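Structures incoming, each one as structure tokens.
Both complexes shown next keep subunit A, but they swap its partner, so subunit B is in the first and subunit C is in the second.
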Partner chain A sequence: MLSRLSFRHIPSQLKAIAACGIQTSAVKSSSEPRPKRPVEAPRVRFGFIPDEWFQLFHPKTGVTGPYVFLTTFGTYLVSKEWYVLEDEYYTGLCLLSIFLFATYKVGPKLGAYLDKEIDAVENNLNSSREEEIADCKAIIQNLEKEKWSSEAQLMIYDIKKQNVLMQLEANYRENLAIAYTEVKKLLDYHSQIDGINRRISQKHMVQWITNSVLKAITPEQEKTNLLQCIKDLETLSAKA
Partner chain B sequence: MEQLCNKFAELIKFDSWGCYPKGYDRATHGPYDPSRYYGKPDTPFSQVKIRDLPDWFARREKGFKPFASLISRAHWRWQMRYMHPKRGTAAPLWQLIFAGMTVGYIANYARLRGHRHYKYH
Partner chain C sequence: MMSIIIFPLNYWLIPSRFNLLFNKFIFILFNEFSMSIKKKNINNLMIFLSLMFFIMFMNFFSLFPYIFSSTSHLLFNLSLSLSLWLSFFIYLIYNFPINFLKHLVPLNSPKPLMNFMVIIELISLIIRPWTLSIRLSSNLISGHLILILLSNFMMNWISIIPISMMIQNMLLILEISMSMIQAYVFSILLSLYFNESN
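So, the complex of A and B:
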């Protein structure tokens, strides 16, 4: 009883969902653009100083300003010995020259190799995703095809229906024919029986009549009859 | 003992560890960006006039946590700009080297200044 009641309420519940939408606890996505991984690194000068630091100087000093600042500030540091040129400085120079040499010699090759590796990693990561997408698309296509082929089922139903109707019709006609032949057989039988009856009774009647006629003939009558016959024969022979 | 522990946890604000910063709201800001400041925006430091500098500094949050998050944001900003691009360059490595050199020089300055060549400049 109760379950039937709850069934009765289903349409109203469905309507409620349709009216207010499916509620989830997930946070709505904001309109803020999603952060994206940059492809190119920002521009730098001297291989490491951000370009923006140079741009900061441009409105006040022009394009050469930052270079002038770097040189003058460097000479100031060195001349006032804020930056002391002791042995660590020369070690640094040697190291720097080695690093620069390596950068110019090996750098481009290493860069190309690393780019290739990065591409390989990215392709590897992307390929599984793309495979998944392709699989899903194939499934969708398959389902569409199934849908399309299931439309043929309607036709097949129709054909089957026609077939059944035809079979019924054939059956009906066969039954009709059977009934006809059966009835005809019965009638034939009855007519034959009738015919035989009539023939037998006729035969019997004829026999009975001749028998009784023959019985009724007396010897006198026979005699007179014979005489009459002879007389007739005589007249006939006379005529001939 | 338990009370002491609770006091200590309160002192170091243990509840807020590992949480998103206060101003962050997923519904309005989208996915969390560790390089972004989610508080009330003020004039950027690079655009502050020198005479407004004390006021600007007075408005800043001070303390260990804000400083740590400042460093964290700066680090993320640098990392996202120089380390994360697909076609990265050697620039971040050079930057690390030069930053290390500067820090090392400043740290060792007390010792290095003994190696000066000239008495008068």
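So, the complex of A and C:
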């Protein structure tokens, strides 16, 4: 029956979904503020009574209101014997005094110690988070550096390209020089062969002519020639 | 009901003061108990730890006015100790019967005394849960009795209430420490019996 009451406030669409048992509707964020954990404990009076309880009387009765109420209400309860002061009351009174003593004497020291421990836990958790952030930052810095150094790589690549081109040029020139010398050698060879051929043919021609001339000389010619020579010599000697 | 309120809940990653205190307490107790239990049975340690917390809170809250002290009753204590001890005992008899029988006669006991020794050992075995529960309830009963007597005295002699309150305070401090110690003793002894059974 109570479940029906609770269903009354649900819109019809949602009711249908709830009836089918299908939970496909997206969870809507509620408009309620997120619960926040109070870091410091709220104020208390007498070691354990929350301060808000005293605030209830404050607008109507002022500061003394709650105390007056407690006293009068207490005396009423005791006097009319609604509350009987038997043994449990006295034990409770003693227990309360012990707890108040512990709260006021040991409480602050214990609280300070526990706060220190909590801070240590928090710092520990935070330090791991900060380490993670620092690591990520270092990675980003490293990547930026890598990016920067990769830009330098472009320059290095250009230089390497130029270097390769220069090497190719040098190689080409070297090849050219080799080709030149080789061609020159060949041409020299040919020119030398030509020279030799010419010399041989010249020599041969000279020999042939000489031989032909010598063959053509008849003994009479030789004789006349000799005589002419002797005559010339005689004339020369006579002149001398 | 109060114990439900008092047990800390972990909603946040960073512990609160009470959370931290409670965790430290559990950590110390865990170290204490882990010494008395074999390493292979360390998973069963939580039974004894929770038992100790249960008894400790029962003892402690029974000191508050108008709260029923259940641990001062044999019915309650015996149901705790007997059920656990009996389970250990049955486990021992079922799994290691020879060992169980061997331990009934102590080492180097003279032959004429052997029969007698078996009876004594058996009695000492069976008496264990009773001693446990009677120890706890007698401590609680005596403590509460003295407290009630003293508060009755306070009720009748209101003129000397400061002196009687001081005595009552000392007694209460003793009772608070006793509530912890008795719970510790109860659970550590049970853990020792558990250790013997396997």
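By definition in this document, the second predicted complex is superposed on the first by the 190 of 240 C-alpha atoms of A that agree within 3 Å, B and C clash if a C-alpha of one lies under 4 Å from a C-alpha of the other, contacts with A are read in each partner's own complex, and residues count from 1 in each chain.
Everything that follows uses one rule, which is that a contact is a pair of C-beta atoms (placed from the backbone, for glycine too) under 8 Å apart; a residue touches a chain by one contact, two chains touch by 3 or more.
Every value quoted in this text rests on a predicted model; they were computed, and no experiment measured them.
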item	value
Touching partner for A:117 - first (subunit B), second (subunit C), both, neither	second
More subunit A residues in contact [subunit B versus subunit C]	B
Touching partner for A:80 - first (subunit B), second (subunit C), both, neither	first
Partner chain in contact with A:93 - subunit B first, subunit C second, else both or neither	second
Partner chain(s) touched by A:37 [first = subunit B, second = subunit C, both, neither]	both
Partner chain(s) touched by A:56 [first = subunit B, second = subunit C, both, neither]	first
First, second, both or neither for A:125, with subunit B first and subunit C second	second
Contacts of A:150 with subunit B and subunit C, given as first, second, both or neither	neither
Overlapping contact positions on subunit A, where the subunit C interface meets the subunit B interface	37, 41, 85-88, 92, 111, 115, 118, 122
Touching residues on subunit C, where the partner in the complex is subunit A	11-17, 20-21, 24, 63-66, 147-148, 151-152, 154-155, 165, 168-169, 172-173, 176
Subunit A to subunit B touching residues, read off their complex	27-35, 37-42, 44, 47-48, 56, 79-81, 83-88, 92, 99, 103, 107, 111, 115, 118, 122
Contact set on subunit A toward subunit C in their complex	37, 41, 85-95, 97-98, 110-111, 114-115, 117-118, 121-122, 125
Residue ranges of subunit B in contact with subunit A within the complex	26-31, 33, 46, 80-82, 84-91, 94-95, 97-98, 101, 105, 112-113, 115-118, 121
